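Residue numbering begins at 1 within each chain, and the chains themselves are lettered A, B, C and D in the order written.
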């Protein structure tokens, strides 16, 4: 099959996501602040944090093993690589196949796994608890995510996101099948969990009661922490991009040329912002759930996803 | 004499044998059992003689003689001697009430007759009621062993059922080949001696009846 | 030549027995013992060659055909193995006072008399002689069982002699009845009238009704002697109380001789009233035996009783093979007779050494055998695995064939029961033996090195056990086939 | 003597045996593959030498171990050679070699076709590692072992390998069964020989008994075919299967499935597995988990697609669905139980249950889709490819993990990971390799576990999109369960690796552990390379799958379907049209990851290179001790609560307080979970049977008149019966 997206474009999209990642976080923070009637920091604040962290020196736990130093690097690499699998400015299969939705989820899982390893390395209670909880939530989230992917892939006949988006490209939200609504609902339930936000996690603190992701980062410092933060931003935007590719089919793929690229980029930005707004709303209107309530919360998503699948197949 | 008379005589003897067997089963005392088995052997010898005269088969005479000597005299004497040697309580203690034993004996007789009745025509080939009587004798002898506790009565029962076999052999087939009969009888004597030795041995070492030992189980 | 061999064969052990009475010296006795057994085996092999080349031979009341030859080989071979084993076993038994030196010669004499009677049983063509010899085995072995002279031994001996005598007197009755049928069918004339071969000639004309009754009597009678359930109750008592070599002979050979008797009558019955009837009877008894043996094996503590119940199970399997019938079934049954004889003898030997070492037959006492007696422990384990039907040991092959015969005949229920029991028994046996072989032994256990002669005897058997598990030599196969033909 | 072709019950093996001339004992190898023929004999010779070398223990146990493992290595190498020759020898390349006639009723023969060769390959790959790893491990782990034990281990190891090899090469039922039991027996010896404590004996007992039960089922299945086919060799069995009616066919399949599933450790027949596998020496555990279970998979494939398959038309639907569902259950339950294990080797053993489940999902799917009308045969090929690929993948990473666990074990003699910790600083090589294996088994890219699971997912999706109705939903649901399994596996290995190798050492043994000897490292490196290669360039491995897939499915070969776009790209078509196939390239992804890692490294270290300052771990200001480390129990606790319904967790907490309940001096916490199958099925059955036996035995009174009564009673009953029957 002919690839609509040359390798260069794919890499560029990846770079674009890396650049925009922190911005999305900043945007969400800003919206939250607004929704909570606060001034809030500027949307560029995450960039400042990153630069500051990358400049700082490193403090490392004396019990940490040799793996510890390489963990942030690997996590970042895995997450960024996942970014290469999301169609941004143009839909359609890549010229040279790289990976599909399963690969994307796999890479995110790899990043999460390595993060947990790093958290356990220093051997403190914070890291351990964070890792334990993260690895408890993750296995419950991933299958539901996959089911949502399946529910769309079954019609498109492929799990390659570009091709999938291209296949759904013509259908706009009015043309949604019932299964799409349910799948999207499931996705909305999952989004906070996958992006580590309230009501599942709280990105703003690593206090014992709420710590999941932040708890795992506690022993990282300086550039290492920077890498981890960047990876977090990246993971967030990748997840949002996944949702966009699955449910908000982009502009028709045939819009080639520079204009098409610009249109695609704009459309992508809009989609991401909408989803970011959703996250901000949820975060500022819900409270963090107890850990053992989370399975029930995710159960809702599971139910939706399963129903979506059923509707798709039956 | 004619075949019918032989048949009738054999049948009558069979009846007598069954009677003695019932005596053995119901014997309250070891001596009675021993005498009963001796009498039984005697009748069998008589039956042998009758058949011998009827068929003119010489072997049957010999067999009858051996039976008379060995089973009607020697073995009872051995048993008697054993009882003397170990001056034990003479009365037989039954495992189950004698009435039940007798009922079983009757049942056995019925079964054996019914069984050979099921044979039908072939019975004519066999002399009269000899087969069912033989079966009944053999089984009842074993019944006597199974329902009485002392070793001596078990030996008596054994000989009684052997008698049943002999009677069948004679009356049904004009006797097995002589050499076989002799071998069988020799075996029986040997077995009797070995058993007697064992009984006395146990009586002398641990003062108990060997048939009461039941330490080996499961 | 071979006709003379026929009557020489029983004479050999008899003469050996008489020779035993001439001396008291243990060494000389053992020497005579081994030599006598060796001679017996040698002559048997000669006879085997003759028969293999020239077909059955008969003289007077004795007759040898391929069927009898299988059992004869088993008798002779196991006798030799037992003799070799006895050398060292005896030394040890005398040391601990298990045997009394003044009674030694009578012991050896009795053993060989016992062997002689068994040989006659195998060679007997005349069913009467068969019965006489069978009773002879009962008497001699009864004395041997009670040989230790203590109360348990005598109890076992008494139970044994009484029950089996009853049994085979039933057998005699059955013989008489069938003889009567033969006579009715016009078979007359002296000693020949009870001859098996003669009866087989007229067998198809016999009256099925009478033959049925006769066969039932024989089945129950000789079945008692063969240890088929539910007439088996004497067996564990006797096999556990006898001196170990005698136990090996009882389990390995004697019950097989009784089986031979049953097989002889089975052929007559099959010819008279169709193969279905005797096969059905054998099948039922076989299944009952396998099922009945199981719980007693599982809940057993006395190792020799355990092995005794195993004999019940395996006799049951042989009966199953005969019951499934067909060429494969019969072939399998005969093969199983040999395999089980050898394996069981090995098992008793190994168990005997363990018992001697730990001074107890209780399997809860025997622990960690492997660390105090590596070779003995290994052999015990091998014997157990073989008994349980694990390849590459001989019993697996015969059980496989039994199973195949059953499937071929479509006895699915029987097969299901059989397999279930085999697996359960396997579990029980491995549990028992495993706990004996592994683990740490008690400190009190004697750690003296193992003596050569028992090991030699055992290794001889183990070698054949494994050999027969890996292959069936062509000559042996031919023997089995011809025997199979005789039975069918 | 007589004509074996006699009618009625006459066994049909007789003519075979009668015509068996001695000249056929050593037949001439067919021209053309002489080398390979001698290869088979070479394998046999090598393992034979290995078995014999146990005799050397008479003089020196060390020597025996060395020579024995060397022979095993040679045998494995020969096995690799043979299998590769067959697999690359073009389609339909098979090699048959009659064996000497051992039994008159069966002709034994070896026959290596694509399927056999592939499993031979898997066996040999792991065997190489085990043989390299073994000697040093045995010396380091049990230096006090007596010579007898060493001899037994060497003998059993070679017998084990030989039996597995020739089981896969068996050309007839009898060879198969003999090797099957030989495999069980030798592995049993290895299990009980490792330590003399009672636990190994008990584990061995359970293993042996269940294996025996399984074999019983296999016996029936094989013999039923043999009876109909008249001979033991597979050709005759196939011919017999052609004439079976559907019910018999299905019955036989389920009998065989029961037998093989017992060996494969499928839930609920798995209870022996987590006991027996850890009990063996670690390199044997690697073989048992990595290879022996696969032999059962081989058996299932051989039975389903080769021996019992109908001449044409699909397999009976009940087969495939059963296998699929059973596989899914095994996968999920296996990983769930593994999650709560704190014995490192037992944890790994439970993961074998999981992975067998994953393989069975692929197999079952292939069974379902095979020859279905309206489904392109390609999809069945994808499913089977996924299963076979996962077979070798699991062999690689599970072998690697067991070897790693073995290194830890032989240095610390501790299997409970709660007592380990901090080993990464002391055994860096082992830690790194173990981490690699952990990533692979968690099905994370870019390693091999991900590839086979990706293929499984594609096959499942394809099945879901073709099979409509509830059935399709089942398929997709099992896909979701597969995803769950992956996530849980990641959690489990984060725990296993983290608690074992990271943090602070919790015991003196862990404190003073040292790196494993180089030869053991070498063994692990071999498997690690395998994992990486299979993960980064799976296309080349898939070429090896052409022979088995084409042979079993009579359809398109694996590489024609999966690597249609060149070896670097995996592609699978979900829709029947196959237009827009999903395609991924592990190689590209690996390259991308490497490049990004390099860039991230520069970002991390390039900007400012100041040496890292070491400081104690942050524990809210308290001086950190090992008590602060998260234990495995704590780590797995949330999931234990989430899945409490399956675990029935039990806990007792005892506090020792000083007078007032507010001053707690010591808290003792003990928690355990139960294996449902074990408690609900096995313990019950065992209790019932033993209780029944004991009561029966207690009934028996040693009264002689009872004995006589039985004899008499039997006779009378028998007489009555025939009196009634033949009236």
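One rule holds for everything that comes next: a residue touches a chain if its C-beta (ideal position, glycine included) is under 8 Å from a C-beta of that chain, and two chains touch if they have at least 3 such contacts.
Computed from a predicted model, the values in this text were never measured in an experiment.
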{"item": "Interface with more contacting C-beta pairs, comparing A-D to B-D", "value": "A-D"}
{"item": "Far-end chain from subunit D, centres as C-alpha averages", "value": "B"}
{"item": "Central chain of the complex, centres being mean CA coordinates", "value": "D"}
{"item": "Where subunit A and subunit D are represented by their mean Cα positions, the distance between them in whole Å", "value": "36"}
{"item": "CA centroid of subunit A to CA centroid of subunit C, Å", "value": "78"}
{"item": "Inter-centroid spacing, subunit D versus subunit B (mean Cα positions, whole Å)", "value": "68"}
{"item": "Rounded Å distance between subunit C and subunit D, as computed from the means of their C-alpha atoms", "value": "43"}
{"item": "Residues of subunit B engaged with two or more neighbouring chains", "value": "115, 118, 135, 142, 145, 154, 211, 213-216, 218"}
{"item": "Multi-partner residues of subunit C (at least 2 other chains)", "value": "155, 158-159, 162, 166, 170, 209, 213, 237, 296, 299-300"}
{"item": "Chains touching one another, given as label pairs in label order", "value": "A-D, B-C, B-D, C-D"}
{"item": "Touching residues on subunit C, where the partner in the complex is subunit D", "value": "155, 158-159, 162-163, 166-167, 170, 208-209, 212-213, 216-217, 219-220, 224, 230-231, 233-234, 237, 281, 294-296, 298-300, 325-329, 331, 368, 370-371, 374, 385, 388, 390-392, 396-397, 400-401, 403-405, 407-409, 415, 419, 422-424, 426-427, 430-431, 434-435, 438-440, 470-472, 474, 477-478, 481-482, 485"}
{"item": "Subunit D - residues contacting subunit B, complex", "value": "697-698, 700-705, 708-709, 711-712, 715-716, 719-720, 723, 726-727"}
{"item": "Residues of subunit B that touch subunit D when the two form their complex", "value": "95, 108, 111-112, 114-115, 118, 135, 139, 142-143, 145-149, 154, 211, 213-218"}
{"item": "Footprint of subunit C on subunit B - complex, ascending", "value": "115-116, 118-120, 122, 125-126, 131, 134-135, 138, 142, 145, 151, 154, 158, 161-162, 164-165, 168-169, 172-174, 176-177, 179-180, 183-184, 186-187, 190-191, 194-195, 198, 201-202, 205-206, 210-211, 213-216, 218"}
{"item": "Parts of subunit C lying in touch with subunit B, wherever the complex brings them together", "value": "61, 126, 128-129, 131-132, 135-136, 138-139, 142-143, 146, 149, 151-152, 154-159, 161-162, 165-166, 169-170, 172-173, 176-177, 179-180, 183-184, 190-191, 193-194, 207, 209-210, 213, 236-237, 240-241, 296, 299-300, 305"}
